[in-house]
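Same chain, two partners: chain A is paired with chain B first, then with chain C.
And then the complex of A and B:
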């Protein structure tokens, strides 16, 4: 599986596990603005799970910015 | 109806070390179950209060509870509001009526108190500033009779910058933490229903670097890492199991490569590893840990495929064995399959298989027993016997909350029971057996001295229990002091030994009618007719106050069939509403003439009141 697709798949799974939304509804367009279950506390836990799962450290700006499926995938696909 | 195995099945995919997201997903799987079909005896009401963000901990606790076969109804207090919730009897915490309340207070509270002034404060004002209001809150809370309270001690959360002379200086944070822990231990030890949670030990076991999630702490006060949440939840579950009377009662031990190293049948008694040198020392320490558990009241039994005479020779004569024959409540040493042996031990000890735990080094035996007896706990052992002694302390179901005189004598009582059964086989009729036992029953009203055992029996007794109502100590004290209740205790002895305090009844005297709220007996005295003595005594006391009717209930818990016919065999009639009544104008229930009545301590009831 190409790296981008693997990242997308894992982000889908992670968002589903953390927010409780069905995996089918998670994809482009899924965001904190559209999902009531994506609360500020869930966002905090999501950030922590992303850091753990992808062995990365997110900056404060990135944490504030990672509020949609696309933005998370873009950030994780970027080196660094 | 959802049973413990269903709950365990939901938790099974979430292994040790799983990320929080896996717990969160499994907790949602629990939500998808029909919660209202979980039977009452599998439900635990757990409140968690603390000084940091604990909402993410709840799914972890629920899943670890499910792994132990428990459904946890959880309450998480608002961030940092633990003192106000404890001090306010109208708070949501009190309305929740928890079985166990965990206070998760981070060392940060001490740290922030220390830095409340421009210069750091010493340990006295810091510890006093926290414990003054905390213990005032705990006293208010305990007075309401709200179950157990568990407070964690304080780990040192970070590496210290206090320098190499810190140990000489009472003004350091390290000294403040040590001072706080010492006072916490002393003050909790004086309280019967409060317990210390060894958080510092848990953190030290996994290491501070793994235990704390500092980025998450600073971003949103979620201080515990995924790993620490998981480890704490497993230990919290142990408290919940014990509070609900669902902890392990009997550890069934294998022998070869479990209790000693090597195979007795091949290596002989001189060749097995047990003693002060490697490799025997690792088994020696494991046996010492097991014996400590036995002294707290857990039963030890052996199920082993071996020749019995060879095993007995080791138990009796091996110079380095710690566990001896007298420490074992039952033994099955033969060539039968292990599940059959374990069932036979459960039958002999009259213990439910869900209260038993198997320790066996063989993966095949473990798999077989898991398949044959799914309700039994069969944990995985470490691959290396050097880890056994440490591992045994990690099993949540082995937590013993209270120790009564009965607990300390439990194994001895099973040895007496074996003599009794041998005698039973040698006599003719049941009545001859009862007469020959020379039963003696002492029925008294509850005292301060017997209160602990009464609360324990109310919490734990499942089989012979009319209503399985789990009253806590504060409620009992309040109602006894107000005269609403008479709480009877029954102590039983026979020619073979002392069963101890093994029966409890709670009567609600009202003009004309006495209602029996609860009546229960330990499984140790079931089938000895002593329940007839207990009901006869209550009836006599009711008559003495002019009452003409006894009323009672049988509430089917699914596990109390042993008590199902008690009321009808003692002259009670079922009413149209499902209750039972018995006229006291008719004679009986009668005290069996083969039971001697012991003397009662007069007016002991006045010793019990509010604390």
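And then the complex of A and C:
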């Protein structure tokens, strides 16, 4: 599986686990603005899960901006 | 004067395992907050209380980049307590929280340090009078 697809799949799984939404509804267009279950507290849980799973550290500015499926995938596809 | 309010369900983190809550706590909590959480009966609920208070303070503060930029010095227990912002912002905002009906309600306010507790007493007092 190409790295981008692997990242997308893992982000789908993580978002489903953390928000409690079915994995089928998670993909492009899924965001904090469209999912009522993606609260600020759940966002904190998501951030800590992402940092662990992808062995990365997000800055506070990045955390603030990672509010959609696409933004998370884009950030994780970048090195660093 | 400015005011910030937040409300969180105390069971929000029930579906997460303890290790995930510990990681989130490590990501979120400052020194005084960790010390306070360590003395509470439930780490998950303690993290929720702190997060709720930070959200209220963040809304009150208005110019913090994220809720992660704030840290509190809490006193009290899971059911009721007060907090101030850690230095260097400690003189700016005070926060008070109270658990009502399995939810934690936090109010933050600038101005007199007893204002959040007084607002909370009035709000939760009227809530109890209406609901119970």
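Note that in this section the second predicted complex is superposed on the first by the 80 of 80 C-alpha atoms of A that agree within 3 Å, B and C clash if a C-alpha of one lies under 4 Å from a C-alpha of the other, contacts with A are read in each partner's own complex, and residues count from 1 in each chain.
We take it that a residue touches a chain if its C-beta (ideal position, glycine included) is under 8 Å from a C-beta of that chain, and two chains touch if they have at least 3 such contacts.
What you see is a predicted model, and the numbers here were worked out from it, not measured in a lab.
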{"item": "First, second, both or neither for A:61, with chain B first and chain C second", "value": "second"}
{"item": "Partner chain in contact with A:47 - chain B first, chain C second, else both or neither", "value": "both"}
{"item": "Touched partner set for A:29, first chain B, second chain C, both or neither", "value": "neither"}
{"item": "Partner chain in contact with A:14 - chain B first, chain C second, else both or neither", "value": "first"}
{"item": "Residues of chain A contacting chain B in one complex and chain C in the other", "value": "20, 40-41, 44-45, 47-49, 51-52, 63"}
{"item": "Contacting residues of chain A [partner chain C, same complex]", "value": "20, 39-42, 44-45, 47-49, 51-52, 60-61, 63-64"}
{"item": "Touch list for chain B against partner chain A, complex", "value": "19-22, 24-25, 28, 53, 55-56, 213, 215-216, 219-220, 222, 226"}
{"item": "Complex interface listing, chain C residues touching chain A", "value": "8, 12-13, 15-16, 20, 23-24, 26-28, 48, 51, 55, 65-69"}
{"item": "Sites on chain A touched by chain B in the complex", "value": "14, 16-18, 20, 40-41, 44-45, 47-49, 51-53, 57, 63"}
